[in-house]
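So that you can tell them apart, the chains are marked A, B, C and D in the order they are listed, and the count of residues begins at 1 in each.
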Amino acid sequence: MASFPNAGSGGIVRDIAAVIVENRAYLSEIDGKIGDGDHGVNMAKGFGRAAERIAPDASLSDALSTLSDVLMSEIGGSMGPLYGMFFAEMSETVAQDTHIDGARFAAMLRAGLEGIEAVGAAKVGDKTMIDALVPAVEAAEANRSDITAQLREVASAAEAGRDSTTDMVAKLGRAARLGERSRGVPDAGATSCALILRNLCDGAARRLEQG
Amino acid sequence: MASFPNAGSGGIVRDIAAVIVENRAYLSEIDGKIGDGDHGVNMAKGFGRAAERIAPDASLSDALSTLSDVLMSEIGGSMGPLYGMFFAEMSETVAQDTHIDGARFAAMLRAGLEGIEAVGAAKVGDKTMIDALVPAVEAAEANRSDITAQLREVASAAEAGRDSTTDMVAKLGRAARLGERSRGVPDAGATSCALILRNLCDGAARRLEQG
Amino acid sequence: MQRFLNDPDDIVDETVRGFVRAHADRVRLCDGNARVVVARDAPVSGKVGIVTGGGSGHEPAFVGYTGAGMVDATAIGELFSSPTAKSFHDAIKAADGGAGVVVLYGNYAGDNMNVKMASRMAAKDGVEVLTVVANDDVSSAPPEEREKRRGVAGEIFMWKIGGAKAAEGADAAAVRDAAQGAIDACRSVGVGLAPCTLPAVGHPNFSIEAGTMEMGIGHHGEPGTSVTKLGTADEIASEMTRIVLDDHDLPSGTEVAVLVSGLGATPRGELYVLYDRMARDIEDRGLKIHKAYVGDYFTSLEMVGATLTVMALDDERKRLLAASTDCPAFGAA
Amino acid sequence: MQRFLNDPDDIVDETVRGFVRAHADRVRLCDGNARVVVARDAPVSGKVGIVTGGGSGHEPAFVGYTGAGMVDATAIGELFSSPTAKSFHDAIKAADGGAGVVVLYGNYAGDNMNVKMASRMAAKDGVEVLTVVANDDVSSAPPEEREKRRGVAGEIFMWKIGGAKAAEGADAAAVRDAAQGAIDACRSVGVGLAPCTLPAVGHPNFSIEAGTMEMGIGHHGEPGTSVTKLGTADEIASEMTRIVLDDHDLPSGTEVAVLVSGLGATPRGELYVLYDRMARDIEDRGLKIHKAYVGDYFTSLEMVGATLTVMALDDERKRLLAASTDCPAFGAA
């Protein structure tokens, strides 16, 4: 069965960080429409700092752990605990794996989602990152046996989930008070989450080995 | 010799007040260019209030006294004491006169100027109301014997004095710090002073009686 | 942006550094965490520790309320963003005098999560942590969903009452109850006339059309309940008082403390113009103003606007409100 | 104009009314003059009375410094305009406890004239009046013309030192000398980044192009000494410190009190960013900061900008600075 190595795959996390930093202005802009306009700033600061601290040859699990530590101890806001827990649980799940196959990839994402659920209280439909993440986890679990298809499906499920937030009315966070006025803009957290998952999947796909 | 009556001439002061109130925005605007932009507001408040308190049949000296009282006790700023003393001294000078001829008119203006000099320290050329007032007083003294000519000369001397301030560099008050930048705008106080003297002279001229 | 700014990323660190430098007689930086400010004399052995924390950009809140008789340690976040769980945890450790710690904070998603995680970390250290979450902003949810309401300037009263109770030597549960009672007795409303700009973002984070105002606005520009034509100061003051008191529903004769805070760029004189009308309206509803605070107590960068907070008093709260305090934003200068 | 406003002509009266209503525990309105605010306990029999006064729009100055240990009676003018001679006179009467009155005010044409006239009126009543005129603003005239310099935030130190000296029971001449010594020991500078608007005028009373700043600006927008490209916070802070200390020329080792005030619309956090740099520069010049004050102490409506004041200390000034005070803007909340 195909898999990608844990060792040496920390570059995936650096690539994710680079994409988040590139999207700094855009993520803040959409947050600004219905939130307080700092999502890109918060994310870029955390991911940018983490990237500097990830060794060139780091494993995926170590890189995720570094990212989580920076988010939890230096970023704060909502993203610190939410993404902090997400990456911490993902890292712990695959820490002992030499290779990550479709089953381990699904387990990793499920653990990440549970990490978020342990601190946040969002449900699908609340117009949050959860709306990108839950369908992605479900796609991962539905495609355990074929990691190539899985990586493709996870990324597009996350993006479809992100798109679904555009028509939602926010029920949580700063945007919730807007009611109907929150419709028409994608959620900032769902957008960053889709970017993260897209780049996680693309990075993993480039590292696939037939086992 | 021609003169105008003191009794019943309080209307002159009400007319002056109306002109000041009409020029509220203009006086503030020119003060705003090199000062703090409140000259029209300050003046209109004081003169407007005084006008309401001047009896329809008030004498000139009583009306000037009312105006002075309002300025001194309700307006403050620089205008309160400067114009307050100006009108107080003018009022006292003619208080015992039944009629005001050219000699008394000149004496009244001279006393007003001295009132200002007792509190302020401006000299001709400092770019203040003094630049309108001093030539007006001199014109009054040079034309004591012909009040008709005197009233005409005083008003135009005041206006010429006002115009002379445009090219001056301010040496006193808020505009002084501007140095060269204060050139090119007439002084606000000189402008209000010329308006006051023009309307005082015109009002007196309309009331002239051959004695 | 006409602002005093170096690198926008450094604002918070520079603000905290300047703050601690200016008020070194009353506060110090936490060892090993430059985002936690600690009262000079904290931890006081045997005294319940008081902790708060929140995003930056609200100065003098939160950090300015650190000091004797008020908050022992304050965790500091980025502009408009919750402090980290680590900072809350470090603040709890710095405030702990062995009698437990009460964290008094505002109801925002990030703060809720970070305080929760910090409390778990502190529990592992064996420190008893109780929490009170402020939800005094009446415009942020209907009365039946009070748990969803944001915390705003009522937090100052919560810190004052909780801090004074702790200074009296009460135990953690009693301090928690006093602080909870204080915030339960508070209702607040905000109005926004012009937005503010996060320097890192570079443009206003929301917009208010000239000639209009946003009633019920949040401390970070969270949208209010209505956007209407800009009223006169008296109209706005009366509407704010009505919103607060309709929600509060206090019996006639109740004594209250009133706090009017500017949001950052409102001339101080105008706050008194608002207060003049509010005070008369409050008294017209049969309430008695025991003490009033008017100034920039809890701001939102350079937002133009104001908040009104009314806290109902009882004898205990009157005593605790009067207790001496010495923090940079409140008390001896 | 996004402002809290009723009739622009009523602002000052409403502000004073709200102020006295809010702080009735510490101040009251003068009988018969709604433009004079008097400390609750004034006149104190046998104590030298302290009077100040100035235009409105600088809140909390001047009125907020009325109270025990500071100013006994404050005369209030229109926005940015000197109080009337009558108000100064009424303030002198209200402050007079039989031991003479010292009027501590700022060097502006209107104030000079009105205080002079008021002193004459008071002399007729048989009240001994001494005066000290503040001229701490270094940008408003060269050192050799110090008598032309404006008074700015250094006035707060002058009131504090003079007020505390009077509270100790000193005679009028000694109070005058202490206040004169305090203002002689003060140097200030202001910087403006954006103008303010007098409501009755309706448009900004001067203009600063975006991306530029005006160094040496006055408290009413009086033009500064130079208009330059907007610097970083650190550059501005260093330049302000340089201007003040070059003029001050204090021997190394001198202890100083430092006051950084916002001009109205500057976020409070940014004042600490400025202070952080200023404090290091001040110390680099060999001076020792004994006490610092950072906040909105003396504003100019909603101007964006800040002022720096440095006062050299000696043992007496240190003692008087530390003396207890209870006025709304300074001291117990």
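The rule we apply is simple: a contact is a pair of C-beta atoms (placed from the backbone, for glycine too) under 8 Å apart; a residue touches a chain by one contact, two chains touch by 3 or more.
Values in this document were obtained by computation on a predicted structure and should not be read as measured data.
Following the contact convention of this document, no chain is adjacent to both chain C and chain D. With centres set at the average Cα position, the gap from chain A to chain C is 33 Å. Each chain gets one centre point, the mean of its Cα atoms, and the points for chain A and chain B are 76 Å apart. Inter-chain centre distance (chain B to chain C, centres taken as mean C-alpha positions): 55 Å.
If you sketch which chains touch which, the chains link end to end in a single open path, with no loop closing it. Chains touching one another form the pairs A-C, B-D, C-D. On the side of chain D, the complex with chain B involves touching residues 9, 55, 77-87, 109-110, 113-114, 116-117, 139-140, 148, 198, 200-201, 203, 205-206, 218, 220-225. Interface residues of chain D, counted against chain C in their complex, comprise 2-6, 11-12, 14-19, 21-23, 25, 56-57, 59-60, 193-194, 196, 208, 210, 213, 230, 232-234, 236-237, 260, 264-277, 279, 291-296, 299, 301-302, 304, 306, 324-325, 330-333. Those residues of chain A that touch chain C in the shared complex are 28, 32, 36-38, 41-42, 45, 72-82, 84, 119-120, 172-174, 176-178, 181.
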